[in-house]
Amino acid sequence: MILYIMCFFLFLVGVYGAITKRDLIKIILAIGIMGYSVNLFLVLLAYRTGALAPILKKGFNVTMVDPIPQALVLTSIVIELGVTALMAALAIRIYQKYDTFDITKIRRLQG
Amino acid sequence: MQNNFPNEGMSVIVKTITRFTVWLIFLYGLYIVIHGHLSPGGGFAGGVIVALSYVHLTLAYGKNFVMERVNKFAMNSIEAIAAILIVLTGLVGLYVTGYFLANFMGIGKLYTLISAGYIPMLNIFICVKVGMGLYLVFYYLASFKPQEG
Amino acid sequence: MILSQFIFVPLLAAFLIVLVARKKENIAAVIALAACAWILIVSFIAFFKLPAHGGMILNNTSGWKIPYTISLILDNLSSFMLIVVSIVAFFSAFYSIQYINHFTGKWNFFALFMLMVTGMNGVILTGDFFNLYVFMEIALISAYALVAFGTEAEELEAAFKYATMGAITSTMILFGIGILYSYTSTLTMADVGLQLRSVGTPKLIFLVYGLFIAGFGLKTALVPFHAWLPDAHPSAPAPISAMLSGVLIKTLGVYALVRIFFNVFGAPTVVLQILMLLGTLSIVIGGFLSVVQWDFKRLLGFSSISQVGFIIIGFALGTPLGILGGILHLFYHAIFKSLLFLDSGAVEYATDTRDLRQLGGLSKELKVTSATTMVGTLSISGIPPFNGFFSKLIIIIACISAGQIVIGIIAALMSIVTLAYLLKVQKHAFYGKKGSAKVLEKVPFAMKTAMIILAALCLISSAIMIPSIRKNYLNPIVDTVMGKTSYIDKIEPYLDKGSVK
Amino acid sequence: MPVDIWLYFILGFMIIGSIACLEIKNILSSIITIGVVGLSLSLAFLFLGAPDLALVQFVFEILCMVILIRAFAKRSIEVRALQRDVPETIIAIVILASIFVLSIFAFKDMPSFGKPIVRVAERYLANAGVETGSQNIVTAVILNYRIYDTLGEVTVLFTAILGTFTILRKTGRKKRHAE
């Protein structure tokens, strides 16, 4: 259980970074941290004590870990990469327009 | 390979080593893809490794060297074709078995390379799509000049 | 069989546009329009075929049975949502043919547009939690890119804000899905509901509720999570604003909330009360903030927050009348809000500004735009016989008959505020004295046609209220939502319960 | 040593690394720190019996780092004095801390680590080899049982790539000619 709570703590560190940081790159990295914590959480759910990776071996019959969360994490890693690339593109364009990554200086829109 | 841009990229030592390692990385990527149903890995991991081999080349030799040899327009088209092929695989499954994206090929013998129905084929499509797409993303993001536009 | 068309047709259209239309950009519009028309027709066919299948069509993908695979599920509610999405998507695409001439990268626009439609259709049809997340990401990522389509400074900033908030809350949703999986060891929605029934509700489920309300509430732009909407919706090109305000916030937000909380969790009272509170706050805050806006599209953005509040309180009442009102307002709002956004786009196309202080006296030069905006104004503020009247009336009556008299009165008062801020648009943009902005270009044919048809739909769709139509077509939808976990019972026969060999 | 002791170390390291990454001033160090966090995640996957994910996480992390460094490192060498809003930060920390404390009660209901409920997956583990012919069960799940998800995943990547191109166009709007 402590592992799950640590995982949730890592998640909250990511949330903290994403909502308080003033730097576009730091925000992107914070979202990356949130992604890591969720991925780790899902794989922690799959683990069975003493189990092996879910790959069949000829002639052996062993307990294996739950493959579904691993499949989900595979998808989620790819999605995170997509979001990161898109946000990096946005950040570069914003840098081109404003010459800074600092959102306190950007904020042309109010609200 | 003739290099028209000798002054770009990194030093001669890096370039010389790159000439050997880039093929190793590329082949490793292909191995991962083809053995996706037998060992860890698959289309996504292999595709990224293939993209990384291009990234490796770009970092060592500079982007003009690579862009002289590959065509961005063609890469984009190949990416789209691979994506269409994945959907078409699904449609063939729909036509043959009545279920969207269903397996329509023989399963074959477990533990052999040619087995597992359409899984190896899909792995290859995904590898092509992911490899091309991610390399292009890297290229565009890394070579975007803030001064233009 | 019929259901996978909603996914692969727009998907193939998007891929084909990237493949074929990069050199010849006009092909992009043709492909996109053809795909939208196809989906529109199929969605109506599906809607009318549904009763013959007993109100539920379930197609498994990849040849296995649920819960071992992902199923596409069409029931009354999702079929209705598909029609709403297809109508708005078709007219937005039609409108874009000429509107998008002011931008570069026509093929990018149409490809992303079709991907967004794919994402929304996927969210509507899916019967699986994780699949919901994946298709939600497709719709959201294309929405981020489309918000920044003009690549002006404000647009990029709005898109970044939207992307940040969207990514944070999507991760929250994924965390919630993980917790649910740990508890039920399945991802199929109906199966999750079934397992929760047998194990009872643990404390953990409240964490899941919280994560899901934050996650889907942000996509709905309910009030504490609304900050992105007034930036993102005005920044997008007008047809995209119409899509975002008209259907995206409803599919990813309202529909997902209703599907998950009503059909899977059985409408827990805590959640309904929270939604009620957030809905009321949205109505009030969105309404008052839109009165003080001077940017035409930003005003409409705040108005969307307020109107979505109406939909949410309709559902949160949990009575059949309230849900009927919510469903009707969802449909009607999709039509008149997209109409109003398209109008604002026409004004911007013609005059290059959307600042109400610079506009004025446009009614003579932009006759069609002015007339259709008038229709939209009357609809949204609930003047009979336009459609908005009926849905708002039903919601207010439902509030009062459910004993929530205060909320009923607030809703009634705020619909007067709605009239106030839209009359402000009328006064400053179309009537009154001439502003500094000149009409530089006529509104082209395709844009006019799309606006006129949507305006006509504002009137025609009131016909749903005719008792016989209402009884045959609307009541099954209300029953789907009201039936709560009867959704699970309907799917249960399809579940593969065979033991492991 | 049992797996969970290793995982405590790795997770603790990841938490410290993440906080460091968010607080370091220099952006290049920040990106490298998050790379290290990502690679330790890959290590954690190996301990948890997920070699597929370890591989994917490893290569995606490298690609991500290369992209971020190439895209950002050159452009923000100047040391930015980021003044921060102290009240805002404190409010955020208080809210997040209270969420954390509340969640501890909720997490008590979770199945304990190492003993998950395995219901649906049991069939995959037992029958995947016979039914799909794939030796790697994760591949069997993503490319046969749940392939519809993978179609969505490919589409997400496609969308993100297309979106990146769209955003990086040189000009967005055309200038009006007829004036």
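Lettered A, B, C and D in written order, each chain numbered from 1.
Everything that follows uses one rule, which is that a contact is a pair of C-beta atoms (placed from the backbone, for glycine too) under 8 Å apart; a residue touches a chain by one contact, two chains touch by 3 or more.
Model, not experiment: these values are computed from the prediction.
Of the two chain pairs examined here, A-C and A-B, the one linked by more C-beta pairs in contact is A-C. Using the average of C-alpha coordinates as each chain's centre, C ends up farthest from subunit A.
For the pair subunit C and subunit D, the distance between mean C-alpha positions equals 29 Å. Distance between subunit A and subunit B, defined via averaged C-alpha coordinates, is recorded as 23 Å.
Distance between subunit B and subunit D, defined via averaged C-alpha coordinates, is recorded as 22 Å.
Contact with two or more other chains is made by residues 8, 14-15, 19, 45, 53, 55-56, 66, 68, 74-75, 78-79, 81-83, 85-86, 88-93, 95 of subunit A.
Those residues of subunit B in touch with two or more other chains are numbered 39-40, 44, 79, 83, 87, 90, 100-101, 103, 110-111, 134, 137, 140-141, 144, 146, 149. Counting only residues that touch two or more partner chains, subunit C has 7, 11, 15, 18, 61-62, 130, 134, 137, 141, 144-145, 148, 151-152, 156, 159, 182, 185, 187. Looking at the complex, you find that subunit A touches subunit B at residues 53, 55-56, 58, 74, 78, 81, 85, 88-89, 92, 95-96. The touching residues of subunit C, counted against subunit A in their complex, run 130, 134, 137, 141, 144-145, 148, 151-154, 156-161, 163-164, 167-168, 171, 174-175, 178, 181-182, 185, 187, 227, 230-231. Within the complex formed with subunit B, the residues of subunit D that make contact are 51-52, 54-56, 59-60, 62-63, 66-67, 70-71, 75, 129-136, 138-140, 142-144, 147-148, 150-151, 154-155, 157-158, 160-161, 164-165, 168, 170-171.
Those residues of subunit B lying in contact with subunit A across their complex are 39-40, 44, 110-111, 134, 137, 140-141, 144, 146, 149. Across the complex, subunit D is touched by residues 7, 11, 14-15, 18, 61-62, 64, 67-70, 101-105, 108-109, 111-112, 115, 118, 122, 128, 130-131, 134-135, 137-138, 141-142, 144-146, 148-152, 155-156, 159, 179, 182-187, 191, 202-204, 206-207, 352, 440-441, 500-501 of subunit C.
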